[in-house]
Amino acid sequence: MNYTTQEIKVRYYETDQMGIVHHSNYLKFFEFARIEWLEKLNIPYHEIEKNKIILPVVKCELKFLKPLVFGDTFKVKVHCTKKPTSSIEFSYEIFNNSGEKTTEGKTLLAFLNSDSMKPIRCPEIISKLF
Amino acid sequence: MNYTTQEIKVRYYETDQMGIVHHSNYLKFFEFARIEWLEKLNIPYHEIEKNKIILPVVKCELKFLKPLVFGDTFKVKVHCTKKPTSSIEFSYEIFNNSGEKTTEGKTLLAFLNSDSMKPIRCPEIISKLF
Amino acid sequence: MNYTTQEIKVRYYETDQMGIVHHSNYLKFFEFARIEWLEKLNIPYHEIEKNKIILPVVKCELKFLKPLVFGDTFKVKVHCTKKPTSSIEFSYEIFNNSGEKTTEGKTLLAFLNSDSMKPIRCPEIISKLF
Amino acid sequence: MNYTTQEIKVRYYETDQMGIVHHSNYLKFFEFARIEWLEKLNIPYHEIEKNKIILPVVKCELKFLKPLVFGDTFKVKVHCTKKPTSSIEFSYEIFNNSGEKTTEGKTLLAFLNSDSMKPIRCPEIISKLF
């Protein structure tokens, strides 16, 4: 189970004065990659939230192999690493337009009820997909 | 009626590859200046929101006289330009640590009910302050 | 002379706790719209910078007619308002996926030499296009 | 060897529509904590960069124990985990105003020459401090 995003352009404001994409942005790239994937699987994330379910990130790790710079385009390959329970883990690889892997990462997200902020089990509509 | 923030440091991630603070950040500087002011006036913004009132920005303008760079500190001077009605207007001036004015701006914010998203009048607790 | 971007998705991290896109992001949307336009005109912005030319924003204004929310897609229509001199002015309109205009704005950018930070005239390669 | 920042306020724009601080911001909090520490140790980060040394993040991990929300203040405790070589590792803990630990993390930064982008050894002025 995995999904690769379309080509995405580095946006100018994502750079910092080192002349590379600021490292905090990669968590944002991971975020839109997993959201785009859910959407392709017919589970738009804003529908999940309407059902009082939120998915905060509870753990993450990143490894930077090569910087992305302004002018680059990149793809995010996202993978669901195990059967979701009360949390769901994704791993990510980012490739630049030369096909080089620039970044690796993982995020663990918890399923919470947005009113109580208490953990819940992964909704079946999601768990059956992975 | 005006308020000047404490010295604030430019944060590294606020820079872009031009080596200056990215222009979008100044709207964030204006935001925390007006929020800090309200707090000093004993109106914490999170209390306003608890009362189902939100204050989205509906109009703004900015003029950049001199860039802020990493290593700079700055102060924001914020001023309430007229009696609030169903909206409130603030003007801003930013000064760097050499006392030079770097930025000028204005924001107009609307008072809305957060459930209905409809305009409301400025709550008296706020209007009596300005 | 104008250009309309492709459909762009609101990214989750662009929202704030009001549940709408934070107003500072619209300056970022304007930025990638004008950069995408220059690219289509065969002037990639990173090539401009390689030629020691930078284009900081010196003035801008925004008017918010309707919020963008997560789940929306939008297009930015960008327009060059007059013949560039030592500065270039763009105006912008954002339309959501229902075709409603959500935002209007303008930015004035200065042409500077990136070594001296002094104003320069608009390079002919750009001025001849507008 | 460790350092604790002053009380920092959550800024409104750091929230997302879940009503909590967006997870990408914690890497920014870590960043200004380590930069503030270096400054207290008399090594302003912008001086490091003037000497053609940059310190990109090459690896990081984060664990979110409790969300920070708007209205919170927090402190970052930063710790240098081992003698710097061609890289330097920091660990972080964030505590909210109730003294609860909200976040843990680690970042590994490489010392690079900013012209060649090649690894270099930690400058003595820094290594002798840790």
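Chains: A, B, C and D, in written order; residue numbering restarts at 1 for each.
Here is the rule we use: a contact is a pair of C-beta atoms (placed from the backbone, for glycine too) under 8 Å apart; a residue touches a chain by one contact, two chains touch by 3 or more.
This one's a predicted model, so the numbers in the text were calculated from it and none came from an experiment.
Contact with chain C and chain D alike is made by A, B. For the interfaces A-D and A-C, the C-beta contact count is higher for A-D. Centroid analysis (C-alpha atoms only) places C farthest from chain D. Look at where the CA atoms of chain A average out and do the same for chain D: the two points lie 23 Å apart.
Between the CA-based centres of chain A and chain B the separation comes to 32 Å, rounded to the whole angstrom. For this pair, chain A with chain C, the centres built from the Cα atoms lie 26 Å apart. The set of chain A residues touching two or more other chains comprises 12-13, 17-18, 20, 24, 28, 31, 70. Listing the residues of chain A that touch chain B in their complex gives 12-13, 15-20, 22, 24, 70. Of all residues in chain A, those touching chain D in their complex are 17-18, 20, 23-25, 27-28, 31, 49, 54, 56-64, 67, 114.
For chain A in complex with chain C, the touching residues are 9, 11-13, 28, 31-32, 35-36, 44-46, 70-71.
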